[in-house]
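Below, chain A partners chain B and then partners chain C, in two separate complexes.
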Partner chain A sequence: MSIKIEHVIKNYQDYLALQDINFEIQTGELIALLGPSGSGKTTLLRVIAGLEVPDSGRILFNGEDTHSKAVQERKVGFVFQHYALFKHMTVFENIAFGLRVKPKKQRLDEKSIQEKVNTLLKLVQLDYLGDRFPKELSGGQRQRVALARALAIEPRMLLLDEPFGALDAKVRKELRQWLRDLHQSLHITSVFVTHDVEEALEVSDRIVVMNEGKIEQIGTPDEVYHHPANTFVYTFIGNVNMFRERSNGRVSYIRPHQLEICRSSVDDTYLESHITHIHMAGPLVKVLLTDSLGHSFQVDISQEDFHKLALQKGESVFVRPKSESHLVQDYAI
Partner chain B sequence: MEERLTKFINKKHRLLPGFNLTLGVATTYLGLVVILPLSTLILKTAQMGWGDFVNTVMAPRALAAYKLSLITSLVSAMVNAVFGLLVAWVLVRYQFFGKKIIDACMDIPFALPTAVAGIALCATYSSNGILGSYLYAWGIQSAFSPLGIIIALTFIGMPFVVRTVEPVLKDLDKELEEVAASLGANRAQIIWKVIFPTLLPAWITGFTLAFARALGEYGSIAFISGNMPMKTEIAPLLIMTKLEQYDYAGATAIALVMLGGSFVLLLFINGLQQWKQRRTFNE
Partner chain C sequence: MNNPTTEPLWVKWGLLTLALAFLFCFLFIPLIMIFIRAFSEGLGLYWASLRDPEALSAMKLTLYAILVSVPLNTFFGICAAWLITKFQFRGKQLLLSLIDLPFTISPVISGLMFVLLFGSRGFFGPWLIDHGCSIVFHTPGIILVTTFVTFPFVARELIPLMQSQGSDEEIAAMTLGANGWQTFTRVTLPNIQWGLVYGIVLCTARAAGEFGAVSVVSGHIQGLTNTLPLHIEILYNEYNFTAAFAVSSLMVLAALLTLILKQYIEWKTER
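What follows is the complex of A and B.
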């Protein structure tokens, strides 16, 4: 189902949570709402779900205004960061909840409910845990139960609020790959909120970058990473070094992997710097440097190059952009 | 060897020291404040012979008193369970003018000397009282009757349910209701299937406390019941009557039966609660 968000504004007593939000989500897309805390991303998700009412503006599902529709009628699967499982019910009953509360006429018979829940348990790879209680499960398992419960009502879209935020790093990685695969097979329109850049870049089809209640950029992970629309997106997505020119105060940005380190300088595009720290762990070596003005910055180089140069902490080296085009001048603000 | 092993297993490492000390203080405290006085009850009763004991305890007047005590306590605890839950709900969920005052009023039955409560209730519910005059006109005898006893016990027990349910209701995760709504549950289903099961343990505890309090209540009943033997005489009043007649052994015998009965009942309710908590939630 497609979702269209038109001029949505939401005020809380002390601050403006959403300032005139406009964008469209195509059927079957997996969208990430990315931003720092307080950027309004969760509020936007709740407005789409119908858990919050916008002060003005419209939300259209397949072109149909949802204003008069309560949460119950919207058929959205909502997944919370802290799972919100019903503690007094087994995993099975949690998943069956949406099926059991249907009006008598639409309700499936007991046998069909059993079958459906068992299918969902298999889908989330928990078919052996149906009679456990939520407190007996790990965080990752709980979140999969929450997802299965949301999918049970055959929602028209899936809304996930920081779904992996409460999990540890390893489980988080596994689960987001799993979510990606699940989305690939189900093709259900999905929106998830995250403040984790890597997560947004890895999982989503398109990213909506938000800040202070406004949309800063909408684009594919590739677009957002390589062609950030403004300073905020540039600094928020991935590591970035900022250089201020002494003469005119202009600011330039460049990512750590777009710089190279040399032993000698050829012309004045080379910046003489001191190595202050070297992080060896990982596929790239992260070298922290300070230039003659005392600004510190980071260069990422391959292990190979690092060993070729035989860099040492405290040494003086020369740094320059691998290509001039990488250096991005400040945006007119 | 075996002894050593069990010692080793029992001696668990604890982050906070003082298990022995706190357990010692706790048992001494319990012993001095509760067990010791109660054991004198048994000693005192033991002064009478077995035959006398059975005669006293099984006397028709005593049986009627137990029955009345039990029924009125149960009814008042049930009334409190229903309305206490409602009051707690209103106090937690809504903001309205005068909420603080209502909140403070909830604790009055805790603090008020029960005799004062008895006098106030008498003035309200007796045949020439503010409410009583209307109730009597309708043919409802609201004082000097079992109904009067229930009214007094309800007054006394009300805060227990409210104050035990309130904190649980306050801590109830709003997301549970939101997720239930997103799954299609209507208001009634959310309350019945999500909120109520979560409140159940606290609710039962509140009910138990109100019930236990009612079983032991004396002061507020003394006035409103009328103390008619076989009709409106509750067990604590019967004990009081016996004491006034210097029949100490008789009084403690009745007290012992009350004590045993209450203990068994409370054990039963607690057991029920634990069973309920462990049990799978099925319709």
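What follows is the complex of A and C.
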């Protein structure tokens, strides 16, 4: 189902949570709402779900205004950061909940409910845990139960509020991939909220970057990463170094891997700097430096280059952009 | 080996002995005395004191007060807790303090308030009496003050519990298509059930034992407006010690039963 968000505004007493939000989500897309905390991304998700009422603006599902529709009628699968599983019910009953509360006429018979829940349990690879209680499961398992529970009502879309936020790093990565695969096979329109840049880049079809209640950029992960629309997106997505020219106060940005370190300088594009720290772990070596003005910045170089140069902490070296085009002026973004 | 973060053994045993000694002097001995005194003139008199028509009528009235006030307060308590924990509104703190009011004012004052309102010279009293509805010195008055005095128990028990649970589960239920009633009966109620039972137990205990407020509105008409605690007082004032203690022993037994129930609930919720 397609979702269209038109001029949505939401105020909370003294601050603007959403300032005139406009965008469209195509059927079957997997969208990430990405932004720092307080950027309004969760509020937007809750407005789409019908859990919050916007002060003005419209939300259209397949072109149909949802204004008069209660949460119950919207058929959205909502997944919470802290799972919100029903503590007193087994995993099986949690998943069956949405099927059992249906009005009598639409309700499936007991046998069909059983079948459906068992299918869902298989889908989330937990068919051996049906009679356990939520507290007996790990975080990752709980979130998968929550997802199966949301899918049981055959929702028209899936809304996930920081679904992996409460999980540890390793499980988070696994579940990310799993969500991507699940979406690939179900093709259900999905929106998930995250403040984790890597997660948004890795999982989504398109990213909506939000800041202070506004949309900064909408684009594919590739577009958002390589062609940031403005300074905020550029600095929020990935590491970035900022340089301020002394003469005119102009600011320019460059990513750490777009800089190179040399032993000697040829012309004045080389910046003389001091190595203050070296992080060896990982595929790239992260070298922290300070220039003559005391600005700190970072350069990422390959392990081979690092060993070729034989860099030491405390040494004086020269740094320059690998290409002039990498250096982005503030106004140019 | 002693755990470095726990106190030495003698502290533990010392405190335990102190606590037990205190309980023994101020709780067990007085309680045992009640039973000794109650049975001091034989089982026959004990039994007769309980079978006395006035005692029976007091028991009936107390039971009656419990049967009306406890369900009412359970209902209001759930409503108040729901309102306070699931909604945001101005004056929430004030409402919380108001719920506590019956705890903070002396029961005697509570009783007087109702006399001032519904007594024969009270605010609503004359009109109500003209229309054949007497409250003060009648059963309705006793039920009214009992309800007032015991109002906070259920709400007080539920509010912190529901606050700590948040409303994510309810919201989840709603997104899954459950209506308000289904959400309440299938999600909220099972989550608060033991807290609710605990509140009801405390409320019942207080409703049975309330003395001050009831004493003011009752008028002490034997066989008519006497509850158990009032009946005991009258027996005692008439130097009818054995009967007074016999009836007291009944209330002590009820209290012990309440304690056991409370313990069971605590054990149940910890699981």
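Observations
As a working rule, the second predicted complex is superposed on the first by the 331 of 333 C-alpha atoms of A that agree within 3 Å, B and C clash if a C-alpha of one lies under 4 Å from a C-alpha of the other, contacts with A are read in each partner's own complex, and residues count from 1 in each chain.
Operating definition for what follows: contacts are C-beta pairs under 8 Å (C-beta built on N, C-alpha and C of every residue); 3 or more make two chains touch, one makes a residue touch a chain.
For clarity, every value in this text was computed on a predicted model and none was experimentally measured.
Applying the stated clash criterion after superposition on chain A shows that chain B and chain C collide.
Legend: residue contacts after superposition of the two complexes on their common chain; A:Val171 is shown touching neither chain B nor chain C. Of the two partner chains placed by the overlay, neither chain B nor chain C lies in contact with A:Leu309.
Contact with neither chain B nor chain C is seen for A:Leu16 once the two complexes are overlaid on the shared chain. With both structures placed on the common chain, the touch criterion links A:Phe80 to chain B and to chain C. Contact with neither chain B nor chain C is seen for A:Ile278 once the two complexes are overlaid on the shared chain. When the shared chain is aligned, chain B comes close enough to touch A:Thr90, but chain C does not. Common to the chain B and chain C interfaces on chain A are residues 49, 51, 71-72, 74-78, 80, 82, 84, 86-88, 97-98, 101-102, 146, 149-150, 152-153.
Chain A contributes residues 49, 51, 71-72, 74-78, 80, 82, 84-88, 97-98, 101-102, 146, 149-150, 152-153 to its touches with chain C in the complex. Within the complex, the chain B residues that touch chain A are 173, 175-176, 178-186, 189, 193-194, 197-198, 200, 280-283. Interface residues of chain C, counted against chain A in their complex, comprise 168-169, 171-179, 182, 186-187, 190-191. Residues of chain A that touch chain B in their complex: 49, 51, 70-72, 74-78, 80, 82, 84, 86-90, 93, 97-98, 100-102, 131, 133, 146, 149-150, 152-153.
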